[in-house]
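Shared chain: subunit A. Partners: subunit B in the first complex, subunit C in the second.
On to the complex of A and B.
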């Protein structure tokens, strides 16, 4: 095992222990408290909140993936080709919109709670996945797509058997981007009363308890790094399997 | 039989294939040759409907291909291209099995066919079946590409500069493979190249194209002896003509009686090889060997006559 993976494993282990038995770390986080403040978040189970946070991110990303990949497939087919330039510029404009703004716009329509957060994460997650799927589907090696036509595959068969499998690493890179953005953005969701790790950070800010802020921030950060690395590794594996490493 | 009937292709007003008509006999090899951009690829891709003609018709065994759905037509026609176009995420075996699978062959028949073809191209099935394309050399990839094109036993094989990326030794080997496979299966081959040497070596007939027009469509001997235009003559290379002519015939067909000493030449060698050997060794005649025994001689005098412009 490489040293990098060893470190990741140790960090993952520490995170698990911390979520299940946070009191074990009370000594460490105690260093950041003043006036006998509690060292460990005490207004709910950290494990529950983390799982809820991950659940919201997973649900939103899954929905964005399905919709964004679907849209990208449509605009790269002959019948949808006229929408390609339009959808490209829409995606580019959308990308310049800060996620907080999306959240702020969703609340008046959906009220407080998990719903506006899900919608904001879903909408913002669409863009990187859409853009990457487009890139993946339009930059396939011409000899390969030519051969796929030449052997007599139908449009549908080419998509399923050749185009999507070859574009998969690039699509996955979009999903990875989207997940990491969502992990961070979900914390803002607790300002509109979604149960996410933002709750821990905000509680810390309100009571000037640096330990809480640190806990919330660390969990989000570590999750983001681990998920990012895991998805990168999966991409590299897929690229290598298809001999595309160094192509994209 | 492939009948190309007054076919034209224009892209936004630019004519890239210009009223081309030619008939390709069944079980023959037709080589389309010409400079870059002369429309060779475009002409060939109209045969399997990868390009739609602007006007004109193409008939295969009498049937207008406009009546056949594109995917169905393509499954009946083998297609091999430069850079092989193998599916990089599928194994060699899966690549070769592509068309049989599309045609719904059963597993056993497909697997047998894959192994048969790999063996035919000197790729040990056990060793190569489960490799991915990027784990092969360029020459091996190219052979898998042709094996895939032949998998479902098509009557017609289209090849677009299939040997463009190969070194001369592997290339010569691949050409011999193609000739023997073509004879074995009786496939009608349409091959695009810009190499006149390759065209003369492989073609039963050669179609010379320039700027979208078909300049000449004839047997190699005819093209060499009577080029239709100065451009065709230039493509053959004026100083190459006698040697190209010699390269078309085998020693076997010009054996004379008589005995001479020295290193023999095989009856299966081309006259060009014999001529080179005669000049190089400074001999007036070479003994000819067939199946290990000397069967006669080939002479410089005879070859000099054969190399002269046919009347």
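On to the complex of A and C.
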């Protein structure tokens, strides 16, 4: 665990140095270029592009978390129970739509740029969070919910004070899945002119410059692994706090 | 007073009550009926003019469609039996799909080959509303797996009939198809080969790796973590990164280029799709083998089965539904991901999607996107049914 964290810290440090001073790594990426191609992406600051990439992913994930958790709460209440089977099927069907198709079809409505990417990421992010929130809210230990009813808590109080806190680690696992998928999918957004790290990769593909493809892919991959690990750690912490470690 | 209140529902027939979901479907349908049914453009590129439901069809047909929509509206709103909702939903969808083709024929001026008619936002919303009705009914009815596959075949046959009859030929998407029919079928073959080929290779290689990880504990975390990291590499980067090594292999390994390996094209796409498929296949194999009950393994041991016999005769068959779930995940995922292959010259339906984005010709995007979604959807239905059929005793995976 200690060594793992040290490695993560070193990788994070390397990533930061690379984003701020990419020229320091020109020697390494130069190994992958031919015919004096530039070794470091030269059509914009990598730091800006990365921050923009993260911003798009964060905004989309925040929106999908709010909507997906809200929907899951509605369909698990007695009022919305009629929507539960349909919402499950819809979440399943939604996963069969390829991201490229969603992006391309959002363009006529929203124009080129960031907007269609946000919409596509938002839609893709919904599914894992919704599924996990449903699992979290429907698999609570009956003893706990009965006890909450027994002490006279109203439906709202049970939801806020008992059900959501207990389901939080499972919900967070959904958010984690959703973030990792979005980080990779956001690169496809560059095919409709969104400013993400896909821009670097596509520039590399178009000029057959492997160094560009490699640095774009590496930044996204490293970010995904670091964010995945950080959220996993947060989940473990929350599970420990609610005394659920080992239950799930 | 309170007695009268509680007595009322028993006198009223059960179906004469509002369905909450139906209210939502009805609201979407109203919006759909109000929005333009079709879009008319003088040529392929110019912005379209909208045509409402009344203008998009001859009087007889538009009246007919409105009657169908009203029936569907009532069936959605009231608590009629679910089978009735399903039947009405299918009939309204069929009417919509047949009439949108007729609308295209009606709106296209005679002998004008430049004019384009495509379905409008209203049409799509109406389809969405009644597809919701059908989906909800199908979910509630919980048909047996074979019945679900049967329904899928009937629906696919109905669409094939519509396409074959030529009644959709005036729709813009079909006009895009008409000018590139041979390319369409070539890309379709490539797309299928990429998606199914990569999954087949992943199964042949992934299941043994999964068995190995199950038997050799220390390997498990290392292999699964490595495959997890592969999943985080964005697809377009992985496709791109494979270009250089495969070009090297093609140039330096005798016979490699003869069997079609090269830096750009289908080879890197196939390898990338294979790499993405490995994690779900391997991890589901491990999970499936772990979930085999120890009693079954003990019984097999008691009968004197060797390790290999146990694996082939007991453990793998019992783990099969879980492994199949993994295959379902990667097949649906790869049918979608194969669209990206077009970016590196790998072909597939993505070719039309990216050409369409480049020319801002949305009908061309649809020509690539619709078959992809339909394929992924069909694969999901068929494999879900297979998973259910193979999990004995109705156990849900």
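Here is the rule we go by: the second predicted complex is superposed on the first by the 247 of 248 C-alpha atoms of A that agree within 3 Å, B and C clash if a C-alpha of one lies under 4 Å from a C-alpha of the other, contacts with A are read in each partner's own complex, and residues count from 1 in each chain.
Here is the rule we use: a contact is a pair of C-beta atoms (placed from the backbone, for glycine too) under 8 Å apart; a residue touches a chain by one contact, two chains touch by 3 or more.
Here the structure is a predicted model, which means the values were calculated and not measured.
When the two complexes are overlaid on their common chain A, residue A:118 makes contact with neither subunit B nor subunit C. In the superposition on chain A, A:144 contacts subunit B only, with no contact to subunit C. Within the superposed three-chain model, A:177 lies out of touch with both subunit B and subunit C [touch as defined at top]. Of the two partner chains placed by the overlay, only subunit B lies in contact with A:157; subunit C stays clear of it.
If you count the residues of subunit A touched by subunit B and by subunit C, you find the higher number for C.
Of the two partner chains placed by superposition, only subunit C is touched by A:98; subunit B is not.
Touched by subunit B in one complex and by subunit C in the other is not one residue of subunit A. Residues 48, 50, 70-76, 79, 81-89, 98-99, 102, 132-135, 145, 148 of subunit B are the ones touching subunit A in the complex.
Against subunit B, in their complex, subunit A makes its touches with residues 141, 143-144, 146-154, 157, 161-162, 165-166, 241-244.
Residues of subunit C that touch subunit A in their complex: 19-21, 132, 135-136, 138-140, 229, 231-241, 243-244, 332, 335-337, 339-340, 343-344, 350, 353-354, 356-357, 360, 362, 365-366, 368-369, 372-373, 376-377, 379-380. Those residues of subunit A that touch subunit C in the complex are listed here as 32, 80, 82-83, 85-86, 88-90, 92-93, 95-101, 104-105, 107-108, 180, 183-185, 187-188, 191-192, 197-198, 201-202, 204-205, 208, 210, 213-214, 216-217, 220-221, 224-225, 228.
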